[in-house]
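What follows is a single structure, and I will ask about it in a moment.
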Amino acid sequence: MADKVLSDAVQALADLRDRGVIYDGMTVMVGGFGLCGIPEHLIQALRDTGVKEITCVSNNAGVDDWGLGLLLQTRQIKKMISSYVGENAIFEKQFIEGDLEVEFNPQGTLAERIRAGGAGIPAFYTATGYGTLVAEGKETREFDPPLLCAKVNAGTARRRPFVMETSLYADLALIKAHKADPFGNLVYRKTARNFNPMMATAAAFVVAEVDEMVGVGDLDPECIHTPGSYVHRVVNTVSEKRIEQRTTR
Amino acid sequence: MADKVLSDAVQALADLRDRGVIYDGMTVMVGGFGLCGIPEHLIQALRDTGVKEITCVSNNAGVDDWGLGLLLQTRQIKKMISSYVGENAIFEKQFIEGDLEVEFNPQGTLAERIRAGGAGIPAFYTATGYGTLVAEGKETREFDPPLLCAKVNAGTARRRPFVMETSLYADLALIKAHKADPFGNLVYRKTARNFNPMMATAAAFVVAEVDEMVGVGDLDPECIHTPGSYVHRVVNTVSEKRIEQRTTR
Amino acid sequence: MALTREQITKRAAAELQDGYIVNLGIGMPTLVANHIPEGMDVWLQSENGLLGIGPFPTEDEIDADLINAGKQTITARPGASYFSSAESFEMIRGGHIDMCILGAMEVSQEGDIANWMIPGKMVKGMGGAMDLVAGVRKVIVTMDHCNKKGQTKIVTECSLPLTGKNCIDQIITDLCVLKMDNQKKRFVLTELAPGVSAEEVVEKTGAEIIVGDDVREVAV
Amino acid sequence: MALTREQITKRAAAELQDGYIVNLGIGMPTLVANHIPEGMDVWLQSENGLLGIGPFPTEDEIDADLINAGKQTITARPGASYFSSAESFEMIRGGHIDMCILGAMEVSQEGDIANWMIPGKMVKGMGGAMDLVAGVRKVIVTMDHCNKKGQTKIVTECSLPLTGKNCIDQIITDLCVLKMDNQKKRFVLTELAPGVSAEEVVEKTGAEIIVGDDVREVAV
């Protein structure tokens, strides 16, 4: 079996420029919600490749000195496709000064666009964003909402137009999981799962960093969140796991 | 908490006619692939309600004397939406004589139409079936296949037209799972999972039969295949689990 | 006398029903969790991938891998399940969430809502708000009736960019409760804060609303 | 001398590569699993929701909850994973399966395939075949070159209802190996069964094909 396990994050990306995966102008998907479930080490390794003009698909943009904030500091990101970017002063500055392009997607539309990319669905319709800025320039058309097809829902489901959204697909996905086996099967932990599983299906090359490596056959086959066929490389790392809002009882 | 656990399959459907869920002409989704992972007892309970003119969404149609074959025997099914129905003489007879309407869907399109119904997606595009009978009367249009968006895939992904498919949604879904807790969280077993998880999201009323009931909190929250919010009722049954092709080494 | 934030929150909690699956927005709506009636079983969904939010953690329980949509550390209750963002929004978009409670900057008389951007100010993004208002079965807005300058937030047409069209079912403000009449496509005044008159509400509302036949006092 | 089923299967197995994710159709293609080269790691996907098919079970291992797409009882190898039909076809439709091997009734010169229905005969359905030919990266057909009446199965245009258009990359028959040239949109004859001539193949093929510059003998 081709060995997918590499020694560290830098090694995991080392030859990807030669292989045509990493190039100036490339598209990268980066998992995580806020700072939860982000591939900390792979983000730094991507920064260190020096790649420029990145289009980055990620729900958020990290904070000033952590996560994707590190790639913003070095101005390696040209465009963000995100749903919310509220916690980042560098982002704000580059955005306001026009140095950073931003495409806001509703969070569910973003998740579904990524999932669709991985699933070979080039486009789909959603009620989300109809009548808003998000729908501008997009095809809209009327359908019966799925719910309406059940008699008992008659009257409760809102009949309305839907917006056509297209799928997203990347050259590279950087994934954070909890456990992996050498085939690349992944298991996530709690809400650190978030955008990671879809992104692992929607890129030509997929690299995951994990808290723990286990042997082939050690993961419960009923509970593998991402089958190993989607994953090209795995590195075992020790994550800092910063917390944004430490709230207690 | 509203108690979702009923004593048997008949009880689980008993009041659904009064509640407007079961009615002549209704649409039912029934989980399973062949005879694997079918809700044996719920199918029989549905037969015993005497409901007629059912539109049934199910990948297969059972065999003559088991699974959906039982509802065909009694001529309670008006129409099947399936991908393959090869193992059933009663089916064949009713189909050839024009007593049974059949809509064949490619298996992946069927799975995705159900998933879309549950996910609030009224329609989506797929390459599957383009240029075939399946695409007749449906809108087709060209998109870049998602894969093409990654530079390293250039040349390998086939550029082609896609077919628009609409979602499926039912009045009732009959589900077979392995374990449930009283909230209705479900866990499936091996390839008995198949169509069950999507169907559990795509019906106004969802009833599951399971091999084993456990307490709230006994299922690993990382490995719940269907969250309890989708499930209205659960019954604990002892399944026969017939085997169609007993193949050994 | 106008309702306090606490009282608005409590009134919103009165809309909960046993077995409801509910998504609470960031800020004031989050507080509704503190007013779930005793003995009622309500499951809170967090759009970053959890059904079954529990109480905030003790210092020992804090886990960086377990946060809510507001990025606060939380816990999960027994019976909770984790899932991906795609599955979370299947649940939201597919109509499987019974109710959500959100704040708003403006609501129009036909139930449009604006709560994500102010032109000229830094735009942070809509997060999951557009999906929630489009997909959840019952969408409730809790907000002050007027903004800090005393201008009404319930308007003929929203001046701010929309989050969703025709999607608000109910508004609970410091002055009153308004419920959407889906036939007439107007909000109906159904409850008043103690000491607030229907006339005062009409006066402070920049939109056509219907004064119901049987306007009661908000029970708080 | 025409290749046996065993030899066709063996030739198909020679297309496998280390690490490949492969879906094998019902019937002859299933036998390809017996010819995976020693030391090569190939993962077999079953479209009913399994990645990592193992050998058939012993009598003791038989499990009604574990079957393949042909409804045969099977086992799962270490490292296998189970998933839903929707997730299985995400994998197929999304281009994540490296290769599939299928039977066919007809293949056209532009790579159309017909293998699911014969007008006038009982239609059983297409199962997952349409998704496989549309989504898998490399689609190989294994079949006899001619049908039982001696008529060619490789035709100018399919007379039977299609399973997919322009989707076959390679055909392995009892007489030869044909590979699609995506620029020229015609199959190229690349290998011949021992003792079979290019002329014989051309004669028995009812379609325009290209005889390659370097036609070798099939290594079986």
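Letters are used for the chains, namely A, B, C and D, taken in the order the chains are written, and counting of residues starts over at 1 for each.
Please note the rule applied: a residue touches a chain if its C-beta (ideal position, glycine included) is under 8 Å from a C-beta of that chain, and two chains touch if they have at least 3 such contacts.
Treat the numbers as computed from the prediction; the structure is a model and nothing was measured.
Asks: Tell me which of A-D and B-D has more C-beta pairs in contact.
Replies: B-D
Asks: Taking CA centroids for every chain, report which one is farthest away from chain C.
Replies: D
Asks: Hey, how far is the Cα centre of chain A from the one of chain D, in Å?
Replies: The computed centroid separation for chain A versus chain D comes out at 34 Å.
Asks: Averaging over Cα atoms per chain, report the distance between chain C and chain D in Å.
Replies: 55
Asks: How big is the gap, in whole Å, between where the Cα atoms of chain A centre and where those of chain B centre?
Replies: Their C-alpha centroids are separated by 30 Å.
Asks: Touching at least two other chains at once: which residues of chain A meet that condition?
Replies: Counting only residues that touch two or more other chains, chain A contributes 112, 115, 117-121, 126-127, 145-147, 153, 188-190, 202, 221-222.
Asks: Among the residues of chain C, which ones contact at least 2 other chains?
Replies: Those would be 76, 82-83, 89, 92-95, 135.
Asks: Could you please write down every pair of chains that are in touch?
Replies: A-B, A-C, A-D, B-C, B-D
Asks: Spell out the part of chain D that touches chain B in their complex, as residue ranges.
Replies: Residue list for chain D touching chain B: 46-50, 55-59, 62-68, 70-74, 76, 82-86, 88-89, 92-95, 112, 122-131, 134-135, 137, 161-167.
Asks: If you look only at chain D, which of its residues touch chain A in the complex?
Replies: Residues of chain D touching chain A: 18-19, 21, 41, 43, 45, 51-52, 76, 78-83, 89-96, 135.
Asks: What does chain A use to touch chain C in their complex?
Replies: 33-37, 59, 82-87, 92, 95-96, 102, 104, 106-112, 114-115, 126-134, 145-147, 153, 156-158, 160, 178, 188-198, 225, 241-249
Asks: Hey, which residues of chain A end up touching chain B in the complex?
Replies: For this pair, the touching residues of chain A are 19-21, 23, 26-27, 112, 116-127, 143-153, 162, 166-171, 187-190, 202-205, 220-223.
Asks: If you look only at chain A, which of its residues touch chain D in the complex?
Replies: 1-2, 115, 117-121, 181, 183, 185, 201-202, 216-217, 219, 221-222, 224, 227-230
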